[in-house]
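What follows is a single structure, written as C-alpha cells, with notes after it.
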C-alpha cells in the first residue's frame, strides 16, 4: 500500500519539519492549510499503523495451538 | 597352575580391602563432569575426568555416584548456590568415598559437594567469554543498533509451549491501547545442552528475513532458575552481538545477567517485562503523535492569530500614517506660505537697503571727489606762488652776478686802484716799441689826466 | 479570480512597502488616494484569506480529533 | 483641467525654487509680483489637492472600517 | 511712460556704473552734475517700482489669506 | 560767458603747462605777470566750478533724501 | 621809449654776449669802456623790469591769498 511507503520515522521527521516552519512564523498563510492537512494525514497514517484494526491474538494463539 | 593364582573375585575382594584400608575417610576431589545421568530411582551417575592443563587431553577418568537420598539434598543446594545445574562440562569439588565393588569396580561415592568451587569456575569461564568477546570487539555491536521507535514487527525466539511465551503474546496483543504487533515465533530449545545450538539456528532463520523485523525477542519463561548456563555461551553471545536486528532478552533470571543479556540491545528480566517495554514504546510514540498534533494546532492557531493582529496593526498604521502624512503636508504648505510672506518682505527690504546704499555711495563718492579736486587746486596755487617767486629770485641772482663781473672789468674801477692808461695820438700804448722820444703822452688816471713828453725810451 | 493571483505574503509585503513610502513622506499627494485604496484592498484580501484559512484549519483539526 | 497638469510634488518644488530666489534677493523687482502671484496660486492648488485627498482617503478608510 | 522703459535691474546697473566712475575719480567735474542728477532719477525710479511692487505683493498676500 | 568756454579739465591742463614753463625757467620775465594772472584766473574758475557743482549735488542729494 | 623796445630776455642775451667778448680779452680799453657802459645800462634796464614784475606779481599773489 502507498501508506506503507513512508516510515514512522520519516513521517515524524516531516511532521516536525512542518511544525518548525510554522513555529518560526515563516510560513505563508497560503501554505498553512496545505501543511496542516499534510500533518493531519501523516498523524492519521501513524495512528492507523499503530492500532490494529483486527484482533490477531486469537489467530496467533489458535494457530499456535493447532501446531 | 601357579600357587599365586587368584580368582577374579578373590582379587577384587583383595583390591576392595586394600582400597578400604588406603582410603578409610572420604576425600575432597576436584574433577570435571563428563557425563551425568539420573536414573528412575533418583540415583545420580556421573563420569568424572581430569584434562591436562595444556592440551585438554583426558588424563584421568572415574565413575561417581550420588545416591538418591543424598542427591535430593545436594542438587537444590548446588543449584541455588550456583544457579547452574549439575551438568556435563562443569568442574566440581566433591567429597567422595573411594569404594571398590567386586562386581562394578572402582567408583566414587559422593557424599558432599562444594558449590562455591563450581561457582568460581563458572564465573571465571564467564569472564573469559566476556574477555574474548571484548577482544573480538563485538560486546557493544548490537547495542549500537537503533531500535525503531515503533518496533511492530517482531521475531520471537522461545520454546513454543513455554508459559512465558503465552504470557508475552497475551500482554502484547491484548494491550489496552489496541496497538498492533506482527509477531513471528521461531521455536527453539531454551535449556540444556541443546539450547545453544537451537537458539543459534533460530537466529540464523531470522537472519534470512532480517529486513522484515524491527526487533528479535529472546524469551524463556517458567524454566528452572538454574538453567541459564547456555546463555553464557560464547557462540550464542557472538551470534546475538553481531545480529543486524536489535535483540531484546527476557530470559527470566532474577539476579546476575547472563552474557546474552550483556551483549543484547536491551535486556529485561521477564517476557512480560519485554511485552510491557514494547507496549510502553508504542505508548510513548502515540504520546509523541498527540503532542505533535497539539503543537500543530497551537502553532497554526498562533500563526493565524499573529497574522490577524498584524493585519489589524497595518490597518491602524495606515489610518495613522495617512492622517499624520496629510497633517505634515498641510504644515509644510503653511511653512511655505510663511516663507513667501517673510521672503517677499525681506526681498523688498533688501532691495530698498540696496537703494539706500546707493544714495550713500553718491554722497561719499562726491565728497571724496570734491576733496580731491580742492586739494589739487590748492596744490596748483601753492606751486604758482612758489615757482613765480623762485623765478624772480633766480633772475635777481643772475643779474647780481653779472653786475659783479662787470665791476671787475670796468676800466674806471681798475684806475681807482692806482692803475693808469697812456695814450699817444689817442691810442692806448701797450708796448714801448713804437714810442719815440718827443711823442706827446696822455696819461689817464682815476682822477684827472697828465700830459707828458717822452724823453727816454727804455726799450 | 484576479485577487487570488497575489499571495498572502506578497500582499503583506506590498502593504508594508506602501506604508513605508507614506511614512517616509516620499509619496506624492497625487498618488496617496490610489495607494490608500490599494492598501485597503490588500488588507481586505489578507483578512479574507486569514478567515478562510482559519476555517479550513479548524475543520481539518476537528475532523482529526473525532477519529 | 489645466490645474491638474502640474503634480503636487512639482508644484511644491516650483514654490520652493521661487521662494529661494526671493530669499536670496536675486529676483528682479519687476518679476517679484508675477512670482508672488505664481507661488500663491501654486499654494492654493496644493491646498485644494490636499483637501480633496483628505476627503477621498477618509471616505475609503471609513468604508473599510464599516466592513 | 518713458520711465518704465528701463527695467529695475538695468536701472541698478546704470547707477552702479556711474557710481564706479565717480569713485574712480575719472569724471570731469563738468559732467558730474549731470551724472548725479541721472543717478538720482534712477534711484527714484527704483524706489517707485519698489513701492508699487510692495503694494501689489501685499494685496496678493492679503487676498490669499482671506480665502 | 567766455569763462565757461573752457572746461575744468582744460583749465587744469593749462595751469599745469604754465607752471611747468615757469619752473623750467623758460618764461620771459616780461610775460610772467600775464601768466601768473592767467593761472590765478584759471584756478578761480576751477574753484568756482567746483563750488557750483557742490551746491548742485547737495541740492540733488537733499532733494533725494527728503523723498 | 626806446628802453622798452628791448625785452628782458633780449637784454640778458646781449649782456651775456658782451661779457663773453670781454672775457675773451680781445677788447680794447676804449671798447671795453663803451661795452661796460652798455652792459651797465642793460643791467639797469633788467633790474627795473624785474622790480616792476616782482611788484606786480606780489600784488597778484597777495590779492589771491586774501581771497
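Each chain gets a letter, A, B, C, D, E, F and G, in the order it is written, and its residues are counted from 1.
To be clear about the criterion, contacts are C-beta pairs under 8 Å (C-beta built on N, C-alpha and C of every residue); 3 or more make two chains touch, one makes a residue touch a chain.
A quick note: this is a predicted structure, and the numbers were derived from the prediction, not measured.
S.K.: Please give the intersection of the contact partners of chain C with those of chain G.
M.R.: B
S.K.: Counting contact pairs per chain pair, which pair wins?
M.R.: So the pair of chains linked by the most contacts is A-B.
S.K.: Cα superposition of chain C onto chain D: how big is the rotation, rounded to the nearest 5°?
M.R.: Rounded to 5 degrees, the superposing rotation is 20 degrees.
S.K.: What's the distance between the Cα centroids of chain D and chain G, rounded to whole Å?
M.R.: Spacing between the chain centres: roughly 99 Å.
S.K.: Between chain B and chain E, what is the separation of their C-alpha centroids in Å?
M.R.: The mean C-alpha positions of chain B and chain E differ by 83 Å.
S.K.: From the mean C-alpha coordinate of chain F to that of chain G, what's the distance rounded to whole Å?
M.R.: About 34 Å, centre to centre.
S.K.: Please report how many Å separate the Cα centroid of chain A from that of chain F, as a whole number.
M.R.: Inter-chain centre distance comes to 127 Å.
S.K.: Residue numbers in chain A touching 2 or more other chains?
M.R.: Residues 29, 32, 36, 40, 43, 47 of chain A each touch two or more of the other chains.
S.K.: Taking each residue of chain B in turn, which ones touch at least two of the other chains?
M.R.: 293, 296, 300, 304, 307, 315, 318, 322, 326, 329, 337, 340, 344, 348, 351, 359, 362, 366, 373, 381, 384, 388, 392, 395
S.K.: Judged by the touch rule stated earlier, which pairs of chains are there in contact?
M.R.: A-B, A-C, B-C, B-D, B-E, B-F, B-G, C-D, D-E, E-F, F-G
S.K.: Name, in rising order, each residue of chain G that touches chain B in their complex.
M.R.: 12, 15-16, 19, 22, 28-30, 32-33, 36, 39-40, 43, 46-47, 50, 53-54, 57, 61, 64-65
S.K.: Which bits of chain D are touching chain C when the two form their complex?
M.R.: The touching residues are 7-9, 46, 49-50, 53, 56-57, 60-61, 63-64, 67.
S.K.: Can you check the complex and tell me which residues of chain D touch chain E?
M.R.: Residues of chain D touching chain E: 28-30, 32-33, 36-37, 40, 43-44.
S.K.: Within their complex, state which residues of chain B touch chain E.
M.R.: 337, 340-341, 344, 348, 351-352, 354-355, 358-359, 361-362, 364-366, 368-369, 372-373
S.K.: So in the complex, which bits of chain B are touching chain D?
M.R.: Residues in contact with chain D: 315, 318-319, 322, 326, 329-330, 332-333, 336-337, 339-340, 343-344, 346-348, 350-351.
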